[in-house]
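Every chain is named by a letter (A, B, C and D) in the order it is written, and numbering of its residues begins at 1.
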């Protein structure tokens, strides 16, 4: 089960069982975006309040597997309070960690090396790389966050 | 080439090179029906004058291979001057000879055994049975005749 | 390829010897995974040697394009292809097997063909198409696409807690209905629907019926004539056949009326710069080079199934299903919820379930680690998932090559899954 | 299966050793016919061992349904399928190979997909679709079906006595044109069309271009980016691959704009009783279980072709073609009429011809008796036949495994045909 241990690390199971920032926010003022994983039917809603280009609040709602829910929970911790720009960098870093080329990353910005310093708790999700089918589970909340950030900025 | 000899008997080559009843008839009084063989692009037109339930005149026009043209030529000889009813029987007999069940033959009429007496020169086409792909060539004019008889009777 | 088809001695008092059958399927020896407990035949079945060999032989000895060649191997290929058509027609109990089977690439294309060929011709904005909430997307989305094009009402039949269609208000539901689409057996719940009775009711209001046989024909004797339906779809890869081929069966009169669907070679009688005329049925609906080798493989698959007999297959699956449901109940009690009919006799060999506190995706992941292959997801039946109020389920499904040991491996792996997430 | 792929030593100063290649194709040993001179690869090619074996291995070791399984063999199957997509994308020179290839059942479906997905969205009654009189029905009938549905003008480009498109009045012809459909290489005349130039002209009036590569990609290096076309269709069975799979390539932006076509599983993102949303490209266009084993076989076919190299294949075919045209001229003079360009360099390896006084069907029949397989008929190009003013032609076509002896057998058999009908 060594592969599995990588996939289901303590930290993931903890965030799965005790998801942070769960719930909904009133829209408006919040924006909300919904993501589906057509593979398995998982859904995630990301509620976001952005003020002065800062992610003031974020809540996660929806159903999903341990990977997508813990990823969402970890994500909410990672971006809450950050500037929109920093949040976007975090998204890119996370995707790099899962070895997904970010197609829209055309600004030539270099992304820091991936380690516990740069990504913090998110490193727990690195084991997902070995399970390509589950990468979509892990990235679903992040793609939805990208959309939510766009909606929030477009307002 | 023994199989081939069956397919291309003297009589077939003769009717191919010197097709009988070739040409067109003025419509009206004649009716005309057109048949295609989607397999090979062959076309045949059957012009028919029916008076008093007798096939007074028949002409064949179109392009085709040795089998379809000789079949048309032999057919025109076989039905010209016959009553419509006898012509229809000839069609059924011919199809039986090529071992095609006539789906619309629901009147329970028994068909005579196939031999030179009952089908005359048409027997030359019996060899086609061994070449299933060519059966469509042989029957194309006959199916078109069936339609032409129907049009003529419907007038 | 020695033991090609050893179906003669596999019947043991009407129940088949699944272990012997397993030997006919190379994957159980050659897969690079041990153990390998394959419980996902509802998604796609495995193939016996005889099916693989039939396609090999075809490519090695006979291949040529069909229908348009005068030379011998083209004629042989055409015969093989047309024989497969006839065989499938007979397998389904079609009155005119040589005319009524249209080969498609899968069951999904067959539904699209029917929706666009028949639906588009006969539906108008005020009509109703009635389907059920347990349909596979293949019998939902084609109607939605057509609805966007021409407009009509798409209505749904509900089902109850036991996974049975609710027919109390069927008369009301049938009002205005022109087409009824219903699955023979649900790929999620296993429910076997009363399609014969539904068809009678639908016919009494002048509607035509299309049945989804994708999960039925691999496991039960099918007779479309007896069912009375007007159209029926199936797919080869779920019945030991290759990928790349499925079929629409429809009554001759229906096929004759239908619009052509895909345009191209072979489906035409003539083409000018002005327009085209269509070929006779069934060729009218088969545009382009058809799946020839795949038809040959399907033919061999049907032969294999007939050799074992659908009756024996059903009996075997029923016994596995009962064993599995009992064992799951015994080990997990209320911690496992099995969806669909409680009575195994009312269902086909699929078990969709929920393990308390563990997402189906995670269930499937841990099971895979134990060598047990089950599917997790919405099983292409999202409205059904919504009705069940779950995002997804895990699903184990049985076929003729599964054994009681497979069931036991499943249950043992589920126990380990529970432990893992405790 | 010993000599799986012996492509390393078949290049002899840039020209391939067709006899060695023949050894890679089991049918030349196992067909139950002697002699067996296969000159119908334009209808469908034969398959090397490696292609057959790749599909066998897939069924014997890996088969599972793709995209929806969490377990290992499902993931492996998905990878094989997606790798095949990428491989074909690269083979065609696609900028985004993993996104821009849609697998279909054949080239014909690909045209229908484009017509219904792109055409139906962007055409209105006053627009024009321009195609050529040398198109295969696959690039004609889908437009006619769409025209019946929404109305627009379907216009044709003529060709001249040398089988070349007449472009003198191209500016006039392009007026109002929204879509130009043109074949890369005619399956009857062999003509290689100036698609790159045509595309530039079409783009200058804002039209998009779909090219028919069914007769091109098996024989020539393809680069859709260099051609500049917007969409491109091809089919596996003409390029050493299996039946049951073809593909549409289109620019990412085009695919993104297109309506979905077939509805069902896998092409959706979500389905409720109210409607559905579509999946990302290319999955949006692949409804139901795809031709998985067939994709694996196509992948192996491309590998084989790349091993031999398309450059060598073309060189070889050109030399056979030249030899054949010269020999026919020498033996029959004006009694044989070869259609299409007189210069072999301007054509692909197909020779459609008319033998004086003998119908093509009869030619093909007698040739078959001599073991020579050629096609006779309209070759799914009826408007072209009308332009040539013939009901049908006989057609011999060459591929990498054909030899000079094959050409000689053809000519000898034609001489016997002439004698027979004398």
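Please note the rule applied: a residue touches a chain if its C-beta (ideal position, glycine included) is under 8 Å from a C-beta of that chain, and two chains touch if they have at least 3 such contacts.
Because the structure is predicted, anything quoted here is derived from the model rather than measured.
J.: Any idea how many Å lie between the Cα centroids of subunit A and subunit C?
T.: 38
J.: List the centre-to-centre spacing of subunit B and subunit C in whole Å, with centres computed as mean CA coordinates.
T.: Here subunit B and subunit C have centroids separated by 45 Å.
J.: Of all the residues in subunit B, which ones touch at least 2 other chains?
T.: Within subunit B, residues 39-40, 134 contact more than one other chain.
J.: What parts of subunit C, by residue number, touch at least two of the other chains?
T.: 68-70, 74, 266, 268, 270, 361, 365, 376-377, 382
J.: Once you draw an edge for every pair of touching chains, what topology comes out, line, ring, star, complete or other?
T.: The chain contacts form none of line, ring, star or complete graph.
J.: Mind giving me all the chain pairs that touch?
T.: Pairwise, the chains that meet the contact rule are A-C, A-D, B-C, B-D, C-D.
J.: Flag every residue of subunit A that touches subunit C in the complex, lowest number first.
T.: My answer: residues 1, 3-4, 7-8, 13, 39-43, 63-67, 69, 131, 134, 137.
J.: Which residues of subunit D touch subunit C once you look at their complex with the stated criterion?
T.: These residues of subunit D touch subunit C: 26-27, 30-33, 36, 40, 43-44, 46-47, 51-52, 55-56, 59-65, 68-74, 104-109, 111-112, 115, 133, 136-138, 140-145, 154, 156, 235, 237, 242-246, 260, 262-268, 270-273, 275-276, 287-294, 361, 364-365, 367-368, 372-377, 379-380, 382-383, 386.
J.: What does subunit C use to touch subunit A in their complex?
T.: 359-362, 365-366, 369, 376-378, 382, 385, 391-392, 420-421
J.: Show me the residue ranges of subunit C that touch subunit B in the complex, using the header's touch definition.
T.: Touch residues, subunit C against subunit B: 67-70, 74-75, 78-79, 266, 268-270, 277, 279, 283.
J.: Going by the contact rule at the top, pick out the subunit B residues touching subunit C in the complex.
T.: Against subunit C, subunit B makes touches at 36, 38-40, 132-134.
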